[in-house]
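Look at the two complexes coming up: subunit A is in both, with subunit B in one and subunit C in the other.
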Partner chain A sequence: MSLASSKALPKRSHVLEDTLHGISETLERGLFAEEISLRRGLLQGLDARVKVLATLALLVGVSLSRNLWVILGLYTLAFGLALASAIPADFFIRRVWLALPFFTGALILPALFITPGPVLLHLPLGLVITQTGLNSALFLLLRVSTSLSLALLLILTTPWNTILSALGVLRVPDVFILILGMTYRYIFLLLHTANDMFLSRKSRSVGALSNANARRILASISATLLGKSLNLSSEVYLAMQSRGFRNTIVTLKPFRMQRRDWLWLFIFLAVTGLAIFLGR
Partner chain B sequence: MFLNQTKADWKRLGIYYLILFGWLATTAMHIPDGYLSPLTSLVMLLLVLPFWAIGLRKIRQTMSARSVPLIALVAAFCFVIMMFNVPLPGGTTGHAVGAALAAIVLGPEVATIAVSIALMIQAFFFGDGGILAIGANCFNMAVVIPYISYAIYRIFSKGTPVTSKRRLAGAALGGWVGVTMGAFFAGFEFGLQPLLFKAADGTPLYSPYPLSVAIPAMVLPHMAVASVVEGLLTALVVGTLQRFNTKVLEGAENPAAAVEATGLRRLRWVWAGLAILVLASPLGLLAPGTAWGEWTRGELTRLGIKSIPAGMDQLSGLWGAPLAHYNLPILGNASLGYILSALVGILVVVVVVWLFMTLLTTGAGKREQKP
Partner chain C sequence: MTNDLVFDIRDISYAYDGKQAALENVSLTVRPGESLVILGANGCGKSTLLKLLDGLYFPTSGTIQAFGDPLTEAALRRDDFNFAFRRRVGLVFQDTDVQLFSASVMDEVAFAPLQLGIGREEVLLRVEQAMQALRIEKLRDRPPHRLSGGEKRRVALASLLSLDPQVWLLDEPTSGLDPRSQSWLVEFILKLRSEGRTIVTATHDLGVAKEIASAISVFDESHHLVASGAPGEILGDHDLLHRCNLSHFHVQEAQPVR
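Here is the complex of A and B:
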């Protein structure tokens, strides 16, 4: 999460609860993305390779554009695509714009004042908002939100194993894709394991937990988890060998470009080209 | 940027710093898309590539096929550990990266791969951290933190038994310095943006803060929170492993000798030097005049040389460089052109070296294990 929590705690530590909450939230997000990717919608019906390429192209378009209206146009496009792909609009907006004010918005706030340029507005305390400051703040906010929206479109409308296979188009080596896939799978296993450990520790603790104790518990859970991961890796290796893994990696590439896929690839690339041209 | 400020401006600057510090103290180091120009992202990706090559090569030397599940599980572990809320003395909580711990257990070369994979999964499947910015994020968190933490841990632990207290100190300091340096590099990348990428009217197009703001704003809060979390968690976990599972701590030490022998360690400094040189390349603009010995005909005349060898006269028009004077006129920005030229040069070198290393490491012919 780009927004890390760092808040003052009362005397009693809620570390275990917070971590449990974070873990279950991540599990939920994984499930939710999976669920949306199975719905019927515009992007769900497209070839994953088209989506990966289009996402990258549009991201480059967003980051190259020097015109706010062009970036705004691309955000509108992303929003339209979300609506056409059965992604709940409120979720799509909330996911991007709720965290944004805390991170990017706060970060950009001082830039409104300290960027030298023509004065736009006088505020008390001798502060001034400059035109260049405002523009640069808008650039950053729009770029970050549009990029995140585009990435979310890919993530939400494509099952993760299909994204993995599609990464092969980008010449990502097979061994890397294999490791990525296994990592994704085991993230969920380790999240469940960590969840169980936290829950069992919590159900055995009575009363308030001091910070020092919470730290000790965290450390032993982390160390145990690390030991478990390493053990599991040798077990997985043995399992792979016993099933005949001979260092050759075969990834399923269940792709067939249809006419519609080519059409949309062309549209996305044309939009990118147009955005880069208009946003020069 | 702030060289010609009046007293009132400095006071104002102080207030902004305060706001910025407060907010940045709550942030992790994951750079989202939109903060860095695509060019910076590309340069950072190129800087990470050799470290990936080194990591994959090391894996092949020491672990072969066993490495696939090992890396997958350590990457998964790093991902999970990034979610733990670690309470600090004093009441704040923060998240660790886990990169220092991965380096202590696997060695920095392999840790780079594992942490990179965790970061990619965050970017590609969870939307945390940018997709274009993946190179920058991997450099700051998967290269800088493991290598620096491990170096410090090694200095402290050299010649000590596995259960020594000195290792705890090394782990704590390693984690702290590692994350602080990672934050420094992130601040440096942010700070370069307004220097290099501005609209015609001076509007910064990406992260707007100059180096003088971005670096302290990234480094100071991290020194107080995130770095402490990393150091603390690393030391605590190493301490727990010392009591219950010392085998894990011995893992990284033996393969290290193998890397020592390959001479890769020396190569690493070459890459680091190269990185600094690319980033510093716009400094060339500050130097007056032309590099010694690279005068054109006109400049030679101005320098007072009357007779120019006829051969030189004939040959001077023979070769028109594609990036003459390290500048692309279309860009209309000298610094940008300079960086771009450095980039193109490095790109060519990297591609050649990359090909060379790939040929070298896949000599045995296992197609599927190409980096």
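Here is the complex of A and C:
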């Protein structure tokens, strides 16, 4: 019996495929970020608390600096740190600049045209680009891209669980850190479950699936996942109780600052100070 | 907390939401150093029994005594009783994803001793020893969701070994494991047994039961305890095992594939 049918099937809804693709992409991205965080590189070798503090300081530096060249210098520093931390250059650039329109598009476009100032370029329909508008747009673009690059550096060079533990240095309560960690951990578990459910459904779907039916399946899978997550949460609470949890949490803080951590912390803070001073 | 028996279970019943029966009129004792295997088909109430013994659920009727003291919700609300009980009794859940809730393997292994008031230096020492014993040192910074089934099981056991409880409650410990991991786990349980730990294992795997049990209790599918005895006696009673859906006979003979 031939498995190939001569009769073409009607076009299917892409809702299931798109959802599946989205889930797989998220899982892959998580895996890739974790793989980078385990590589041997400059930032991977530093104490996570230094990275958290340095990232925050440099973000403040980027925000306070009013000189385009200083911000450009900080972006170059971030890019150099990425290379020294075994992050592929093309991946680092793509991740920042592809996300950029999402963060800035709605602000940059109007700023280009409506900011008053000396006219730089006349466009059709009476639109003009002013020098001040262009400067504002460039500032915004560079500030956001540098900030995103700095945040990306922290995320890519530090395992998520270590970033969470390092938040203790900012006096974030332990119980909050524990909840964040559990949320991240179980999101992945539920994503895997969702992936399996979608694949199982897909393997049993033949022929056309209308949008309405695809949405119905999506809703029923979401409801099942909600039920599973509720059950999971009560079981996890029992597992915590079983090992002595009584609504207050004691955590291990395994960090030890070494001389090179202090040195890099000093360097990052000095760079921040310099950026703020030069960018006044 | 002093008594010759680890657990003395008298005529307990348990029903989920007060309606759905999970255990009916069960009486059972667990002696120190015993390796008791609870045998029963899926859904017969084995996991529920372990949660009752761990003080996570409480019987709808009947009583449980742990080390001579009543194991009740009120008793577990008292810090002194809770600490003493949790330090002596540990449960390894069937679903390792439930058991492993921390962000990293190291945090997971350190969780129980930290909550139960053991000092930081002592905890670090225990964590190292437990990770070495289970050969998971290289996994210390890994998040649990990136581990294989066998690795998760090792981490789950390490998370209890760092506490070193006297009583180990193991819920279907070999489920989902490949043969090598199963064999390793049986060795681990036998080692605990040789060190004098009390072990209560819920399983429907007759092969595992034969290897680790010093006593066996059998539950039927209507949630009753139907037999207790020595492993040879219970595992040799084929009618009993068949009746309790623990062994089966094939009606059809295997035909050669053409």
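Everything below uses one rule, namely that the second predicted complex is superposed on the first by the 259 of 280 C-alpha atoms of A that agree within 3 Å, B and C clash if a C-alpha of one lies under 4 Å from a C-alpha of the other, contacts with A are read in each partner's own complex, and residues count from 1 in each chain.
We take it that a residue touches a chain if its C-beta (ideal position, glycine included) is under 8 Å from a C-beta of that chain, and two chains touch if they have at least 3 such contacts.
The shown structure was predicted, so the numbers you read here are calculated from the model rather than taken from an experiment.
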Touching partner for A:161 - first (subunit B), second (subunit C), both, neither = second
First (subunit B), second (subunit C), both or neither touched by A:190 = first
Where does A:277 make contact in the superposed view: on subunit B (first), on subunit C (second), on both, or on neither?
-> neither
According to the contact criterion defined above, which of subunit B and subunit C contacts more residues of subunit A?
-> B
Mind working out whether A:62 is in touch with subunit B, subunit C, both or neither, as first, second, both or neither?
-> first
May I ask you to decide whether A:249 touches subunit B, subunit C, both, or neither, giving the answer as first, second, both or neither?
-> both
Considering only touches as defined above, state whether A:240 meets subunit B (first), subunit C (second), both or neither.
-> both
Name the contact category of A:266: first (subunit B only), second (subunit C only), both, or neither.
-> neither
Just subunit B (first), just subunit C (second), both, or neither: which does A:108 touch?
-> first
Name the contact category of A:232: first (subunit B only), second (subunit C only), both, or neither.
-> both
If you lay the two complexes on top of each other, which residues of subunit A touch subunit B in one and subunit C in the other?
-> 160, 178, 182, 184-186, 189, 232, 236, 240-241, 245, 249
Along subunit A, where are the residues that touch subunit B in the complex?
-> 1-9, 13, 15, 18-19, 22-23, 26, 29-30, 33, 55-56, 59-60, 62-64, 66, 95, 102-104, 106-111, 113-117, 125-127, 132-133, 135-137, 139-140, 142-148, 151-152, 155, 160, 163, 167, 173-175, 178-180, 182-187, 189-191, 194, 211-212, 214-216, 218-223, 225-227, 229-230, 232-234, 236-237, 240-241, 245, 247-249
Under the touch definition given earlier, write down the residues of subunit C that touch subunit A in their complex.
-> 51, 54, 56, 79, 82-83, 86-87, 90-91, 93, 95, 97-99, 101-104, 106-107, 110-112, 114-116, 120, 123-124, 127, 141, 143-146, 159-160, 163
Residue numbers on subunit B that touch subunit A, as the complex places them = 1, 8, 12-13, 15-17, 19-20, 23-28, 30, 32-38, 41, 64-66, 68-77, 79-81, 83-89, 91-95, 101, 105, 117-118, 120-121, 123-132, 199, 201-209, 213, 225-226, 232-233, 236-237, 239-241, 244-245, 248, 366, 368-371
Subunit C-touching residues of subunit A, taken from the complex the two chains share | 31, 34, 159-162, 164-165, 178, 181-182, 184-186, 188-189, 192, 232, 235-236, 238-246, 249-252, 254
